[in-house]
Amino acid sequence: MLSRRDTLKVLLGGIAAGAWRGRPVMADTSKPTPPAIGESPRAYRGAHVVQPLPFDPAKLKGLSEKLLTSHHQNNYGGAVKRLNLIQQQLGEMPKDAAPYQLGALKREELIATNSMILHELYFGNLGGDGKASGSIVPLLSAEYGSLAAWEQEFRRTGLSLGGGSGWVIVSYNPHEHAVHTHWAGDHTQNLAGGMPLLVMDMYEHAYALDYGANAKAYIDAVFQNLNWDAVNQRAEQAHAGKG
Amino acid sequence: MLSRRDTLKVLLGGIAAGAWRGRPVMADTSKPTPPAIGESPRAYRGAHVVQPLPFDPAKLKGLSEKLLTSHHQNNYGGAVKRLNLIQQQLGEMPKDAAPYQLGALKREELIATNSMILHELYFGNLGGDGKASGSIVPLLSAEYGSLAAWEQEFRRTGLSLGGGSGWVIVSYNPHEHAVHTHWAGDHTQNLAGGMPLLVMDMYEHAYALDYGANAKAYIDAVFQNLNWDAVNQRAEQAHAGKG
Amino acid sequence: MLSRRDTLKVLLGGIAAGAWRGRPVMADTSKPTPPAIGESPRAYRGAHVVQPLPFDPAKLKGLSEKLLTSHHQNNYGGAVKRLNLIQQQLGEMPKDAAPYQLGALKREELIATNSMILHELYFGNLGGDGKASGSIVPLLSAEYGSLAAWEQEFRRTGLSLGGGSGWVIVSYNPHEHAVHTHWAGDHTQNLAGGMPLLVMDMYEHAYALDYGANAKAYIDAVFQNLNWDAVNQRAEQAHAGKG
Amino acid sequence: MLSRRDTLKVLLGGIAAGAWRGRPVMADTSKPTPPAIGESPRAYRGAHVVQPLPFDPAKLKGLSEKLLTSHHQNNYGGAVKRLNLIQQQLGEMPKDAAPYQLGALKREELIATNSMILHELYFGNLGGDGKASGSIVPLLSAEYGSLAAWEQEFRRTGLSLGGGSGWVIVSYNPHEHAVHTHWAGDHTQNLAGGMPLLVMDMYEHAYALDYGANAKAYIDAVFQNLNWDAVNQRAEQAHAGKG
């Protein structure tokens, strides 16, 4: 095991070095430089930056530029901006505020944080050619018997969320050393300790403009555009712990 | 980057080698040997094993053996057994089942999976002397301004859950390279992609037997028994990606 | 107070007589004739019938026929059909099923039941001229200080649900003898014992086809089409307990 | 139908006259006199009053005075006090607050409001001799085939909530003119438009002090103390719309 001193060095060094990143295929814009001493603690700084789409939204199959641009600007971008406000408001909360006031805002923080992260992961695993390959294939097959069996459960879990909200998420579970599909009914729900490898947005804003209530046609479109390279890269990073 | 072949080797090797584990200080009982070919895929096997408490429940300060034993056997143990049933039932679901049937069961799977994992993490970060030290201290201080500021928000988030259900979770967020406290109103809610380092159970079964409705006294007791070594070990594993 | 015998007569008589109805302005199609003796108990019959739209969907201001028809057929109609399946499945549940199996299905039943009811109420309070009048006006003014103050909170509660799911519901609260606006994050959430008088659907399927992410423009459109006569009729029925 | 003028008279008259009350068997303490003109609108007044237990907590079978008193004072009483704070805070919210700020507080309002109402109904249907009789019996039998069939589903729905939170609620559904059992996973969930007739609290604070994790033994105790007269009275009021 590393000494405490070395570990801290590694941990803080990771900030500069990149380490495991939840959004490996997003564009290379970096986080803003950490504010100087005297500014708010990072928890209350609210300095999250909207990342650009990592693909040309005019070029996806079956998902229109109008839909993708609205999804990115309004839903994802809105979550980032809201998160910044929430965290600044958390920093200004009076010390004698009632616990429910803090709890209500911490819940909003979780919603906005996960909306930001999951949207980045979602856009990050679109823009591909949809051809499953790489190390994720044997991992999914090992878990579900076959890639087809995995895909069937994944798609049907998506259908169960049609007309409502949620995500379908394939996570690497370090607790089990396995990949597994999980249902989420809204932004807040996730495998504890899981590292999302492949995420599919099932909020209606992900498809209504193009497909109305036809969630099945949307899921087909997602599969046509899946970026399996990104999924594999995340799987490798999740396990190896380095970028 | 590793070649695909090498990566797969590393990924599958991790299963044997231990890799990052969500419950580093739990007892050393290992998972059962993987069933032979011909058995159900792992996703539907339902072979999770109840782990013993990693400490002597008679020796904690302010948390009774009766409470801890009931918590471990009934709430944690019950979740593990239920998860096994749920996953076996998922494996038997007819191909033509309505999506809501699958969705309802996948939701139950998420509840039981997270209950299992979070309870293991919770017991794993109890049994210590409560003295904060190690690499987590500067990380929390960097995020919240000071350890005291972190502790105040953490405790008050816990209070906001009193009389109900939920968890307070400090996670390492690889997306941000930071540690941060998150609110959870039930087992299903978590930071997406976060690696839990320190978790506090706020379900009433965690304290009612000893403290009735006095959630504040329970939170005091948790702090007296925190195992900061376990927290530090998780932080190091979360970042370094190796055990 | 009525004698037991008389009360039962009144209660059962209500089934034929109409009593208070949650959807007073829906079309006059009646529920199917109760099945003969020997059939499933009503709880497990699953005989709910899709009600037609109570207005001409081509004639609303700012809400397209395409949107309204899809909303009615797919989201509302889908909920009714799903509820029927769920209730029949509840009737077939083995006596030794694990409690979580029953709980999961009872949760689905609540989701589908409320989706059915709230959608009927929603369509039932559209199709009007948007001009607030009648007994509801002084009731809302008494509660919020003025109709404008009520409207501001109602609209802003709606905005808080933009990009996600939920309802904004004005209920008559018999516990308080007052009308009050309540937030709902999904179909399951409601004032306990409240009788909904005015409901606004904030699921994205209620507006995305026409307005994309612009929830504000949708709320404007809802207000232009509110059927205040229906709202008043419900208020009167809620209080008087007769149709 | 009543004229508008007459209806308003009836509606406002109901406030003084009592009309349908959600807590018919609670003690006769009345709501405070409405504040004079110039005070906050009722919605933001936060003037809810903790009602006393409608029975002697020392005399219930299998539910201890300590448990019942803590439940009443801390969980119910806490909800009433919190609701008052929340509503006052809603009244002070700046006009330019972000929608999420309002939404977060409106959600807290729903939680606290329903916790208040459901707890009053729960205490109101305890303190009896547990012997089912009256007009509710044929209504439940008509819905579920027999009283025993109803009881089995009701109890098992309760078991499915053991170790977590929620309510099991028999409501009169004016939409269907029927009584039906509904699952609720927390305070916020309810049949839309339903009038609760019989409620069972499944939060762990309702039983942990007496029964630890043994939810089944608690449900047995609830049935031994059910006040069926109160249930019948609510059924009659729900239908007849008068007190």
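Note that the chains take the letters A, B, C and D in the order they are written out, and that residue 1 is the start of every chain.
Basically, contacts are C-beta pairs under 8 Å (C-beta built on N, C-alpha and C of every residue); 3 or more make two chains touch, one makes a residue touch a chain.
Source: prediction; values computed, not measured.
For the pairs C-D and B-D, the count of C-beta pairs in contact is higher at C-D. Put simply, the chain farthest from chain A by mean CA position is D.
The centroid of the Cα atoms in chain A and the matching centroid in chain D are 39 Å apart. Separating the CA-averaged centres of chain B and chain D is a span of 34 Å. Chain C and chain D, compared by their mean Cα positions, are separated by 20 Å.
Within chain D, contacts with two or more other chains are made by residues 100, 104, 107, 185. Arrangement of the chains shown, judged by which pairs touch: all-to-all, with no pair of chains left without contact. Residues of chain B that touch chain C in their complex: 82, 85-86, 89, 98, 100-101, 104-105, 107-108, 112. By the touch rule above, chain D contacts chain C in their complex via residues 1-2, 4, 7-8, 10-12, 14-15, 19-23, 31, 40-43, 90, 95, 97, 99-100, 102-104, 106-107, 109-110, 113-114, 117-118, 120-121, 134-135, 138-139, 142-145, 149, 152-153, 156-157, 159-162, 169, 174-175, 177-178, 180-185, 187-196, 232-233, 235-236, 239-242.
Per the touch definition, chain C reaches chain A in the complex via residues 66, 70, 74-75, 78, 163-165, 185-186, 203-205, 208-209, 212-213.
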